[in-house]
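The structures considered in this document are given below.
Each of the two complexes below includes chain A, the first together with chain B, the second together with chain C.
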Partner chain A sequence: MKPILGVEQLHVGYQKDGAHIEVLKGVTFSLQQGESLGIVGESGCGKSMTSLAIMGLLKNKGLRATQGQITWEDKNLLNNRAHDWRKLRGKEISMVFQEPMTALNPLITVGNQISEQILAHEPVSRRAAKLRAIEMLRQVGIPSPETRARSYPHELSGGMRQRVMIAMALCCHPKLLIADEPTTALDVTVQAQILDLLQRLQQQTGMSLVLITHDLGVVSQVCQRVIVMYAGRVVEEATRDQLFQQPLHPYTIGLLESVTSLDKGSERLYSIPGRVPTPGETIVGCAFQDRCPYAAEQCRRQQPQLTETEDGRKVSCLRYEDITEGVA
Partner chain B sequence: MASEFAQHVLMDVQGLQKHFSVKTGWLGRLSKQRAPVVKAVDDVSFSVRRGETLGIVGESGCGKSTTGRALMRLIEPTAGKVYFEGKDLVHLTPREMKQARRQMQMVFQDPFASLHPRMTIGATIAEPLVIHGVGTAVEREERVEQLLETVGLAPAMKTRFAHEFSGGQRQRIGIARALALHPKLVICDEPVSALDVSIQSQVINLFQDLQAQFSLTYLFISHDLSVVRHISDRVGVMYLGKLVELGTAEELFRHPAHPYTQALLSARPQISPSPSGTERIILQGELPSPLNPPLGCRFHTRCPYKLARCESEEPALSLIQPGHQAACHLVTA
Partner chain C sequence: MDHSSTVRKGLAIPTSVKAAAKLRTRFRSSGAATSLIGFLLTGTMVLAALLAPWLTSYDPNVNSLKDALQPPSAAHWFGTDHLGRDLFARVLYGAQKSLFIALMVQLIAVSIGTLLGLVSGYFGGRVDKWIMGLANVMFSFPGILFAIAIMAALGPGLVNLFLALGLVTWPEICRLVRAETISLKQREFVEAGYAMGASTIRILFRYILPNCYGNIVVLATLGMATAILAESSLSFLGLGVQPPDPSWGSLVGQGKDYMYQAPWYMFIPGMVMFVTILGINLLGDTLRDWFDPKMRNR
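Right after this comes the complex of A and B.
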C-alpha cells in the first residue's frame, strides 16, 4: 500500500554566526493511512523539528529544510507556497501542541476559535460552524459543551484545554493528526483520559496519527509503530512489539533499561553515561559512540546508515548483529 | 519505648496544616464575606525514619510540595507540629530555626531557577557554609571541591556559571549545595522531573549512592510513580491536601488499598510489548477545586466505588495492615 506521508532524507538546519548548524541529518520514514506512529527521543533529538517540517512551520523558527522531501499525496510539501499551506494545515494535517495555554488565543472564546477554523476551510454559515464546534466539544468529552463553548481558555483546566485543542485539530476531519507531547503537561489521571480519547477518535475517524513524545510508556500504549531518534537521525524503526521485546540499537536498549518501572525492583538503574551531543558538534562516525558500551573502532570512522533487517525493521548501527548475537 | 521511637524516627509530623487565604480585593472586603481559604495541606501526619526514603506522590495541587516547604518552614504552617529529633520546629525562633536548617536541606525541581545566574557554582555551593560560618575561606574552598567530586563533577568547574551546565549537571550542583552542611534529612522536591530519561537515571543513582555514603534520610516528593517506587522504602499518596494512603513501597504498589492509588497506578502508561490485558481504570472528571473541596471523602466525586457515607463522613487514615495505612471507608469497614 502506498504511504500517505513519506519523509525522505530530510535535512533541516539554521544559520548561527555564519555557520550552518544541522538539527535534522537525513530523517526518513513513512506513514500508512490509519496508522499510529510514535516518534521518541530525548530533548534536542529533532522529534519536534520533524513535525514542524511536516506542518511547514520551520520558517517561523528561523529554520530551513536544505535537502530531502516530504511527500503528501504525491506532492512535495517543501515546494508549497504560503497559500498551499493554508489549505493544507488544519484541513488535511492538524497538530496538537504540548502547552495548550500558549497555543490557544486567550482573548477569544474556545467555541469561536473552533468555528473560525471551520469557516476558514469550508463554505458553511457561521451558525452551522458554531453548531459543529459545539458538536466537536461534545465528541472530545467536554461536559455541557454549549456553555463551555462560551468559555475563555483561562477558565478551563489543563486537561480541558487539551481537549479543546484536540477538538480544534479534528474539526475539519484531517487525514493526519500530529500530536507533539500532548500529555506531557498533564497529570497522570488526566493523561490517561486524553490518550484514551486520542485512540478512540483515531479508531472512529480512521485518521493517521503521529505521536511525538519522550515517554516510552505513552508510546507503548498508543502506537503501532515507533521510530527512535537520536541527535537528528532516526536510529531505529520497528513495530511496537518488536521494539519493546527486542530493541536493536544500543541507544534504545539503554533507554529502555534506564526507565524506572513499577515492576522492576529497586536494584540499581542502568544509566547511559555522558550526554546528548549539542547541535553543531561535529562527530565523525556514529553520534552515539561516546555513550555506547559496544562502540568499536569502525563506529568512530563510519556513519551508520538506517538499514532494513530480515524481519522488516530498521536500525542504524554498524554492530547490531554482533550485539543481538551476544558477540559484542 | 519513647526513646526507642526517638531513635528510629528522625522527623515526626503531626496534623500539619497549611491554609492560604485568597485575596479578594476591596469589593470582597466591603461585602464582609469571609475570604475563601485554600486548604493546601489539611491535617497531614506521618513520620520519617532515620536512613529511609519516604516518597510522597500525588498530582499537581495535592499539596505535596507545600508539605515539603512547610516542614522546612519555608512557608509557615498554619497548624500542626513538626518534630525533628524530638524538637518541635514550628515553635522555634528564627535564630533557632536557622540552626535547625543545618540538619535539613532541600533540592528543588527546576535546576534552571534554583541556581543564582550570576554566582559561580563554587560560590553557590559555598553559600550555606558562609551563612552558617563554617570553616575558613580556604577550608570552604576545599569542601566545595570535595563536594563537586562527590556529585560527579570536576572540581575545576567551580569557577563556571550555572548557564554553562546542562540540566542534569545543574541538578548535581543543587545536590552538592544541599550536602554542604552534612544534613541528616534532604527534602527533594521533584528533583528529576525536569530531566530526560537517560539523565534521570544518572541522578537517581547518584541519590542512592549518596544515601549509602552519608547515611542520609530522604523525603522524596514526586508525581512520577515509578521513580518513587524505585527510590522509596515507604510511600505516601496525597490527594487534595490529604494523605490518603501510606505504606511500604512494596506493599503499597502491590496491593494499593485506596481507590485513588489504584487509579493512579493504573493510569500510568506502562511499557509493555502489547497493550495490557487488564482493563485500565480511567478516572472520570477532574480534580475538584481546592477552594471548595468535596465534603466527606475528598475523592468521592471521582471514586468508582463511592458509598453513601463517603459523601458526608470523612474517612480517617487508619491501619489496615501492619505498615500500611489508608483513608477510605471501603477498606476500613
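Right after this comes the complex of A and C.
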C-alpha cells in the first residue's frame, strides 16, 4: 500500500554566526493511511522539528529544510507556496500542541475559535459552523457543549482545553493529526483520558496519527508503530510489540530501562549516562557513542546507517547483531 | 477552629461594621470605584459639551465689555472674561472643540501607529528598519515644534489640527504595538493559528491585534490628555482653534494674561481640563480590563 506521508532524507538546519547548524540529519520514515505512529526521543532530538517541517512551520522559527523531501499524496510539501500551506494546514493535516494553556487565543471564546477554523476552510454558513463547533465539543467529551462553547480558554481546566484543541484540530476532518506531546502538560489521570480520546477518534475517522512524545508509556498505549530518534536521526523503527519486547538499538534499550514502574522495587532509578549532543557539535561516528555501553572502536569512526533487518524493522547501529546475540 | 473564634469574639466587632468593611474591600478590589468615577467624570463632560446650548442661555462669543472680568456669581457661574463673555458658556462650548479634537487626534494616531506597528513588528527586517527609523526621527523632534511646522505649512483649521497632532503622536503607539507584536508572534497560540491554516491577515488582525487592545486603549487615553494640552498650546500660538471660538486651551492661554486680576479666568478652565483628563485616564484603565476576558466579571 502506498504511504499517505513519506519523509525522505530530511535535513533541517539554521544559520548561526555564519555557520550552518543541522538539527535534522536525514530523517526518513513513512506513514500509512489510518496508521498511528509514535516518534520517541529525548528533548532536542528533533521530534518537534520533524512535525514543524511537515506542517511547514519551520520558517517562523528561523529554520530551513535544506535537503530531502516530504511527500504528501504524491506532492512534495517542501515546494509548497504560502497559499498551498494554508489550504493544507488545519484541513488535511492538523496539529495538537503541548501546552493547552497557551495554545488557545485568550480573547476568543472556544466555540468561536472552532467555528472560525471551520469557516476558514469550508464554504458553510456562520450558523452551520457554530453548530458543528458545538458538535465537535460534544464529540471530544466536553459536558454541556452549548454552554462551554461560550467560555473563554482561561475558564477551562487544562484537560478541557486540550479537548478543545483536539476538537479544533479535528473539526475539518483532517487525514493526518500530529499530536506534539499532547499529554505532557496534563495530570496523569487526565492524560489517560486524552489518549483514549485520541485513539477513539482515530478509529472513528480513520485518520492517521503521529504522536510525538518522550513517554514510552504513551506510545505503548496508542501507537502501532514507533520510531526512535536521537540527535536528529532515526535510530530505530519497529512495531510497538517488537520494540517493547526486543529493542535493538542501545539507545532504545536505555530508554526502556529508564521507564519506572511500581513493581521494580526501591532500587535507584536508571538513567542513561551523559547528555544529548548539542546541535552543531561535530561528531565522528555514531552520535550515541559516548553514552553507549556497547560502543566499540568502529563506532568512533563510522556513522551507522538505518538498515532493514530480516523481520522488517530498521535500526541504525553497527553492532546491533552482537548486542542481541549477547556477545557484547 | 476554637481558638480563632475566641479571638474574634474577644475583638467583638459589630456585624454592621464588618459588613461595611467587606463591601468596601469588594468595591475597592473590583476596581468598581475607579470605573465609576472615570465613567461619571468623562460622561458628565461629554454630556455637558453636547448639551451646551441647553445648559446655558449665553452666547459664548458675544462681548459685553461692561461685564468684563467679573468673578463667579449667580449670573455668571464661572465669571466672565476680559471681553465680558460668560466663562461657563465658553467652557461648555470649548469642551465640544477640545474633546472632539482629542478624540480625532487619537483616532488618527492610533490608526497610523497600530497599522505601522503591526507591520513593523510582524514582518521585521527591512520594513521594520524603515518604519522604526521614521518613528525615531519623529521622536527626535520636539513634538509641538513639528506640529507647529505642519500647521504653519497647512494653515490653521480644525482638520489640519487633527492631522498635525495625529502625525506627532503616532510613533508612541507604533512602538508599543510593535513591541507587543514581536512578543505575541512567538506565543504558542499564534503558532497554533498557523497550524490551523490561518492566513497572515487573520493572524495579524484576529490573533495579535486584539491582544494589544488593552495597552493601546491605555496609551490612547493618556494621549487624549496630551492632545488636549497640545491643542491648547497651538491655540495659544494662534494656530489651533481660531478666535473668537473658545477651546479649553485658548481659554487658559488668554486667562493667563489676567492671572492676578481675575484668577478664576485661568483657574476654572484649567480645573475642568484637569478633571476631564483624570476621568479619561480612569476610564482607560477600566477599558483595558474590559478587553481582557480574565479581568471581566471579577
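Quick note on the criterion: the second predicted complex is superposed on the first by the 325 of 328 C-alpha atoms of A that agree within 3 Å, B and C clash if a C-alpha of one lies under 4 Å from a C-alpha of the other, contacts with A are read in each partner's own complex, and residues count from 1 in each chain.
By our rule, contacts are C-beta pairs under 8 Å (C-beta built on N, C-alpha and C of every residue); 3 or more make two chains touch, one makes a residue touch a chain.
Predicted model only: the values in this text are computed from it and were never measured.
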Partner chain(s) touched by A:T260 [first = chain B, second = chain C, both, neither]: first
Partner chain(s) touched by A:V7 [first = chain B, second = chain C, both, neither]: neither
Contacts of A:L209 with chain B and chain C, given as first, second, both or neither: neither
First (chain B), second (chain C), both or neither touched by A:A129: neither
Per-residue contact with chain A, leading partner among chain C and chain B: B
Which of chain B and chain C A:S220 touches, first, second, both or neither: first
Which superposed partner A:M168 touches (first chain B, second chain C, both, neither): second
Residue numbers on chain A that touch chain C, as the complex places them: 55, 57, 60, 82, 85-91, 94-95, 97, 99, 102-108, 116-117, 120-121, 152, 154, 165, 168-169
Residue numbers on chain B that touch chain A, as the complex places them: 59-60, 166, 168, 196-202, 204-205, 208, 223-227, 229-231, 249, 253, 263-275, 280, 282-283, 286-287
Residues on chain A engaged by chain B in the complex (per definition of touch): 42-43, 157, 159-160, 187-193, 195-196, 214-218, 220-221, 240-241, 244-245, 254-256, 258-264, 266, 268-273, 275-276
Interface residues, chain C side, partner chain A - complex: 187-189, 191-200, 202, 206-207, 210-211, 291-294
